[in-house]
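Before anything else, here is the set of structures, which you'll find just below.
Both of the next two complexes hold subunit A, though its partner changes from subunit B to subunit C.
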Partner chain A sequence: MAHQAHSFHMVDPSPWPLFGAIAALLTTSGLTMWFHLNSPYLLMLGLLTTTLVMLQWWRDVVREGTFQGHHTPMVQKGLRYGMILFITSEVFFFLGFFWAFFHSSLTPTPELGGQWPPTGIKPLNPLEVPLLNTAVLLASGITVTWAHHSITEANRKQAIHALTMTILLGLYFTALQTMEYHETPFSIADSVYGSTFFIATGFHGLHVIIGSSFLLICLLRLIKYHFTPNHHFGFEAAAWYWHFVDVIWLFLYMTIYWWGS
Partner chain B sequence: MAALGKVSRLLLGAAAPRSLPGRSMSAAAHEGGGARLWKMLTFVVALPGVAVCMLNCYLKGQQEHERPEFIPYSHLRIRTKRFPWGDGVKTLFHNPHVNALPTGYED
Partner chain C sequence: QGLKPIVSTESSALVFGTATKVASDLPATDSFLGKNKVPDLQKLFQKTDGLPVHLKRGLPDRLLYRTTMALTIGGTLYCLVALYMASQPRNQ
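So, the complex of A and B:
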């Protein structure tokens, strides 16, 4: 029984922002303990608390929107801006690593043999597994669009099928990349080539895992009837994030895998 | 230059209905049944594309890959600081068959 004369959402007091900040501190100082003092326990505690905060905070957002009806069109607009701004910040995050790659590869130093790829590095063939990875992510972009249209057209069965296929493709990409990581003849410690390659593709892989997890949550919510044909912003946010992950891969493929080989 | 303007107007025009939250999909007559289009694209373009690439990888994987000889270049196999796992010398995805340690291949 709301008694507000406006369409915005005044959120109830919540412990998650503070606990999230504490979790971030535990994680970062945990990394330091692990790297410099050989102890992983603080990091494990930090990752655990981060996961718990994420699960509970987002569970609360679902409760506020889906079950309590607080997500009016105005509130939804704010959530849209928020997701767009977040994805924009992630674009800048990756921009830095692309900058590092081009800085190192456009003028290769004498220490690398004055060439790119450096002497002694045999790059991966872009027409083998990297091409398959590209096809997998592009296909998943098509299936997630199919899922979106199915939701809009109230076709439950097709939406579930399409979203499931999207997630499976995402998992397939992760499996392929993990296998590739195990099979590459060069490692992260192999000059700035290895550094730029594994940092850029590694963070991308992490984002694929995050995106797949987001889509999986959407699948569970879809099955539980949380979405309506006109109101399904959680799904849209996941789809936007997924397309972003796909676009980052395309840039990685064209620059590091193809041009850089 | 004129073509560039045409292309960007086309992209923005195409992007606009898609970015609206589902409204145009049910409203505009020619967009009705959008799910059918994307379902068709999934089974005719997307999945066959993946299958072709899978076949390509399988066939290329049949060929034997020769392992390059070990030359102790100083810009490769850098170990400024030990890794915080195992013996600190192997990278996270170390594969003894294809990755050499700073002292050479293990096998």
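So, the complex of A and C:
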């Protein structure tokens, strides 16, 4: 049986990159068919295949790391760099929307009544549900750190409790935001105020859902004994992502909700 | 190619115990929410049967792979047909 003379990971041939690219094609052309020709089927197929590829690709990463032992310290270093670079790219993604917000709100045009919030827009009170949302996400940042410490201290039961609380707080945030969206007196079509508000908070909400899903997968893996006190990078990646989501919310709260009212 | 030895000390260490602990040494409280099946899975996925990791579990993997392939390839054909039709001029 051949053994490698290096500590890197030469992956088995895999169909997921190709299928993932095809799924992206189906999703984007599906959007086109939906927007212009009122047909949602290609889009549904695109989203379904994207989900299937994600599930199987990441399932394979877990198999390669936890079951086959390929995630040596060198490999883990690469995974860390990868996650950090990905989160950095997401920071730039949000930076664009913050730029758009400040572009419109720092010099409000005559069409908006020369003021921000524009004439006729009744913004949400930042000291009501948005403040509760801030407390919820800050608390979830604490519970995820508690979970991490529990893992490194080999306290399985406490880790499971803390991670579960983190996920519940994330779901609570999503429920509160959904309710808020229903209650806003303004819509996405209400001038550039509505556009910047709903695009920025909407994408943030999507990232909360993604982060909660990632944490949920980590909870299942934690229960199934995949993590050790010294090796649990999947959990760390999820925790980094969760802290990023929390920080984005803090910026949203301070700029759009508070300063922007 | 380049598989690590059967039981890697890092991966098989139990979350709640030391690296030398083994499943049969567990006190009763440690079966909270299920037993540790990781060592068995490690054996399964390290079998030298030549299968790539995405098919290593046999039938369930094959079914899922074939479903995904059918949907992506079928979807590509549907996509090309739909885009061809959408690009035809509409006569008023």
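We take it that the second predicted complex is superposed on the first by the 259 of 261 C-alpha atoms of A that agree within 3 Å, B and C clash if a C-alpha of one lies under 4 Å from a C-alpha of the other, contacts with A are read in each partner's own complex, and residues count from 1 in each chain.
Quick note on the criterion: a contact is a pair of C-beta atoms (placed from the backbone, for glycine too) under 8 Å apart; a residue touches a chain by one contact, two chains touch by 3 or more.
Here the structure is a predicted model, which is why all the values come from computation and not from measurement.
Legend: residue contacts after superposition of the two complexes on their common chain; A:Asn230 is shown touching both subunit B and subunit C.
With both structures placed on the common chain, the touch criterion links A:Leu131 to subunit B but leaves subunit C unconnected. Legend: residue contacts after superposition of the two complexes on their common chain; A:Gln158 is shown touching subunit B, with no touch to subunit C. When the two structures are aligned on the shared chain, A:Thr196 is found in touch with neither subunit B nor subunit C.
Judged by the touch definition given at the top, the superposed model places A:Ser105 against neither subunit B nor subunit C.
By the document's definition of touching, of the two partners only subunit B reaches A:Thr119; subunit C does not. In the superposition on chain A, no contact is made by A:Gln177 with either subunit B or subunit C.
Touch criterion not met for A:Ser212: it reaches neither subunit B nor subunit C.
Contacts of A:Trp146 after superposition: subunit B is touched, whereas subunit C is not reached. When both complexes are aligned on chain A by C-alpha atoms, subunit A residues 151, 155, 229-230 touch subunit B in the first and subunit C in the second.
Every residue of subunit C that touches subunit A in the complex is listed here, in rising order: 1-5, 8, 10-11, 13-17, 30, 32-34, 36-38, 41-42, 44-46, 48, 52-54, 56, 64-65, 67-69, 71-73, 75-76, 78-79, 82-83, 86. Note for the complex: subunit B touches subunit A at residues 21-23, 25-26, 33-35, 37-39, 41-42, 45-47, 49-50, 52-54, 56-57, 60-61, 67-68, 71, 73-79, 84, 91-95, 98-99. On subunit A, the positions that touch subunit B within their shared complex are 34-35, 38, 40, 76, 111-113, 118-122, 125, 127-129, 131-132, 134-136, 138-139, 142-143, 145-146, 148-153, 155, 158, 162, 165, 169, 181-191, 229-230, 232-233, 236. Those residues of subunit A that touch subunit C in the shared complex are 1-4, 10-16, 19, 22-23, 25-26, 29-30, 32-33, 36-37, 39, 41-42, 45-46, 48-49, 52-53, 56, 60, 63-70, 151, 154-157, 159-160, 222-231.
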